[in-house]
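First chain A sits with chain B, and in the next complex the same chain sits with chain C.
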Partner chain A sequence: MTEKLSINSQKIGEQFEIIFVKGILDAHSAPDLEKFVAETIAQGNIYLLFNLKELDYISSAGLGVFMAFVEDLRNRGGDIKFAELTEKIYSIFELLGFHLIFDIVPTNDQAIELFNQKKLRTNE
Partner chain B sequence: MDYFKTLSPFAILLFVVILFLLVFTDIAFISASFDYSTIWKLVDWLFLSGILGLFLPSIKKSLHTEVISATKFSGRFLETTKFLFYLLLFYFGYFVVISLLKWFVSAKYLLLFDKAINLVFYVSISFALVISQLFWLSNLKTKGAKKLILSFISLLGVFAFVMTINFFFSDEMKLEENARVIDTFFSIAGIVIVFFAFKMKNWIAISSRYVIKRLILYSTLMMVLFIILLSQGFHFQKGLYFSNFFFFHLTQIKSAIFLVNYIRVFYLSIISLPLSKIVEQKVYEVNSLSYLTKIVRNFNKIEDICNVITELSYNSMNRSPAILVFLDGNSFEIKSHYGLNSNFNLENVHNFFRNIKLSEINTSKIIYSLEEFELNEDFEKPNDLLFKSLCIVPIFVREKLFGHLIVANPTEHFFDEDDLNLLSSFVETLSIAVENYFLIKDTIEKEKYRKELLIARDIQLSFLPKELPKTDRIEISSFIHPSEEVGGDFYDFIELSEDKLFVIIGDVSGKGLGAAFYMALLKGIFFTLSKNIKTAKDFLIQLNSSLFRKIDRQIHITIAALLFDFKNEQVEVVRAGHLPTFVKSGNGTLVVKTNGIGISLAKTSYFAEKLESLSLNISDAEYFVLFTDGLVEIIGDKDINKGIEKLKQIVENEVFSHPKELVEKVIENVRRNGTNFDDDATLLVLKVKNGKKC
Partner chain C sequence: MNNIINKISDKITIKADLTELDRVRSFIQNASLSLGFDAITSNLIALAVEEACTNLFKHSYNFDKSKEVSITLSADSKGLEILIEDDGPSFDPTALLPIDAEKIHKNLKKGGLGLFLISKVMDKIYYFPKDNTNIRNRLILFKNFV
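Showing the complex of A and B:
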């Protein structure tokens, strides 16, 4: 793992994990995140919440990581959501239209709430 | 001591012959009571010139290189044997002349003449003798010693000169006094020389065996000579005293002093001889290490270094066969060997080591006898044990066990710790060499890859429009700075019809070859789609539909497009995930940031639903500025928002008449932030020519 990027995760519930991404997510560090996410999904998690509170920089390659997984997860009933984006990161998400593709919420709790609703719907 | 190397065996032989002549003639002439003064003179001269002949080349060399760049002793006098030959001729001639002169000249004058010649010769010979002894001290390499020798020599020269001059203006009695003074002087010189010789460091001990052997030979010779001279003193005292007073003194006083010196040299040489073997070994080791270092700096093949190492190991381990193996999993490959012969041939050695688990030996070790070594059952007979002592040093490259340097000997307890240390330093050098080799190989490969990337980059850049569209309504200026690698920025101008111009700028996400290929793909798609474009929005929707789920999910493409309709005076501004477009007019700068998802990020239905477009009057705008993230990232110091803001200020505040000026202004700003482009940077500036319409 590169020094620029640090990734931690926290299990919230069944198939549900919060991933904290800190530092710089660019073409060099994107593969690290990709590997991490792939492992998380391999463990059976389909609800992924990315907390980007301490993410300082994201490049288009970094954004590509999320795109790589979202479709697969959605097909399996899961999803990717983002929480606590800084203004700077949000504006980049907005430019690319990510806010139209993903749920971006202010807090972790709100995201958990949304996931739970989705879970209920899926179970029904 | 090059000095001793210059002594040719023939010269020494000649010298010995002269020595024996001296002794034999002495005995012969004493028994026959014959006036042998003239004969004796000849013998004296032969002896003295023998010494001179022996020392001359080294004196000349030393003078030439160290003291005076004298060319006096040049030409044929350089060679000792030739010089001796000429001297012999000269003596013979002199002998004949003196014998003949006896018949014509009165004895008194003849004696005076003879003594004069003798004195000059004596002084010069003694001079040479003392100088040669002084050069013995050349091992005293301190400046003081050199100065001392120099001043001593000058003093000697002046003294000899004065004495010689004095001789010609004095009578016979004074002559003998002179001789005594000269003798005393030379005796003191001898004592000084011996004193310094004793004071100097024992350089003999650290000399090579070759030099020491020469020293023993030389000092033995000199000892014999001086012993003979001393013992013979009384025998020919009478004859000598009258015929050659000076030589008598020389032999009696100085011989004793020099004898002491030569005894010392002899003694030191003898005791140093066994040591010299060790000295030679150490010298070889030091030399081999420095040689190895030189080789490592400049080598082509690893094999070359391996061969050098085995050869050096063989020589420094008393001719024990050396083998260098590289591991390959559990097996091994003998990369180089040295010193193998019919007893230890390659096949035997291979069999021998097959039974030793080399891959498990990762520390340096000495095997004193093979009993302590675990061997496979295959080895039953002790006769098959080729070697009984082994010195094994593992080679590590990039912290991985790479192979071993093994030196083997058929006798037990052959190696010691010192041997192991030396071999370890050889191996250390080899490791560095191998590591460097890999490093260079990697670098070359990377360089090759980089060059191919550059070619790809050139091809990619050739996709960009070479000519700007021919329209009188718009002036365009563009700037693209490709990052070192191939990248994904592109722009294109498509003239749809006479009054429709389509301008696209875009960026394929990511860097490298992947992005570059998509960019090439896009060029083709543009060409196909552009044939029936109605609106810019339409174009982007179609583009998304042709790319969604067809390209790598991680790749996405952002595009900003302008569709100019000069007929209807309208321009359509659209954006799919790309950075906003600036539209500058008299009222300020409009940042067009309509909604739009990046190409290939969403299903086409959803993509189309969210895509917005904006229509403007062409004449309302003065400038359109389009750019990619690489550009604003540099301007904004990695912060895109800041970069957009800064670029907007430049566009807004600067006054310019041609789009090129704006481009230059922006480039200037980019340069100010350093030229380190992480990504492609592209800028398009379009100026609407309103006034010139009519």
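Showing the complex of A and C:
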């Protein structure tokens, strides 16, 4: 993994993982995140919450990682959500209209609540 | 404004190597901040230039690290001009503009996002393919001060 990007995850429920992405996510480091997410999904997780509190930078290559996985996850009843974006990172999401296609919430708890509601609807 | 740019360092030449992107970002961010753009806008301008470089590395140079890209900055009373020059096969990205945001969102696939981002951040984009008088392709990105 490149030194400028750090990725950690925490399992918080069945098929549910929080992924903390820190540092610089550009074309150089995006393959590291892609590999990490692919492994997380391969372990059976379909509800992925990305906490971007300590993400300093993101380019289209980084955003492309989320776009590459979200369709498959949604087809399987899962989703990708984001929490704790800095103003700098949010400005990029907003510019590209990503706030219209992804749930972006202030805290992990709010994202977890949204996921739980989705799980309930899926299980009904 | 030109004096400010000259004080910063007005040109860098980078290898077609993704490890060079850090240098591109710092160069553009520092120049943009010095010219009075706010932190958010400076970050977006750096992002646009990085996307242009990444596209050249990938599509024009096929990640051949022996190839080079030059970035030259200049400013006038209206804004910041960023000239990006390469030696690869000519390809006019402006021919793909405007990009339909809805199509990008619906497809949710990789590709086209970098150019979409450049077009959202910059106010003007020009492309001049290499010819008898100019031996390099020139992409010019312009950002207004207001």
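Remarks
One rule holds for everything that comes next: the second predicted complex is superposed on the first by the 124 of 124 C-alpha atoms of A that agree within 3 Å, B and C clash if a C-alpha of one lies under 4 Å from a C-alpha of the other, contacts with A are read in each partner's own complex, and residues count from 1 in each chain.
One rule holds for everything that comes next: a contact is a pair of C-beta atoms (placed from the backbone, for glycine too) under 8 Å apart; a residue touches a chain by one contact, two chains touch by 3 or more.
Computed from a predicted model, the values in this text were never measured in an experiment.
On the superposed chain A, the positions of chain B and chain C overlap enough to count as a clash.
When the two structures are aligned on the shared chain, A:Q43 is found in touch with neither chain B nor chain C.
Of the two partner chains placed by the overlay, only chain C lies in contact with A:K4; chain B stays clear of it. Legend: residue contacts after superposition of the two complexes on their common chain; A:Q117 is shown touching neither chain B nor chain C. In the superposition on chain A, A:A27 makes contact with both chain B and chain C. When the shared chain is aligned, chain B and chain C each come close enough to touch A:I92. When the two complexes are superposed via chain A, 452-460 is the only one of 146-154, 326-334, 380-388 or 452-460 in chain B with C-alpha atoms clashing against chain C.
Put simply, chain A uses residues 27, 57, 59-61, 63-64, 67-68, 71, 88, 91-92, 95-97, 100-101 to touch chain B in one complex and chain C in the other.
In the complex of the two chains, the chain B residues touching chain A come out as 507, 509-512, 553-556, 558, 576-580, 593, 595-598, 601-602, 606, 610, 629, 638-641, 679.
Listed in rising order, the residues of chain C touching chain A in the complex are 18-19, 21-22, 25, 39-40, 43-44, 47, 50-51, 54, 57, 101, 104-105, 108-111, 113-114, 116-117, 120-121. Chain A contributes residues 4, 24, 26-28, 57, 59-61, 63-64, 67-68, 70-71, 87-88, 91-92, 95-97, 100-101 to its touches with chain C in the complex. Within the complex formed with chain B, the residues of chain A that make contact are 27, 34, 57, 59-61, 63-65, 67-68, 71, 88, 91-92, 95-98, 100-101.
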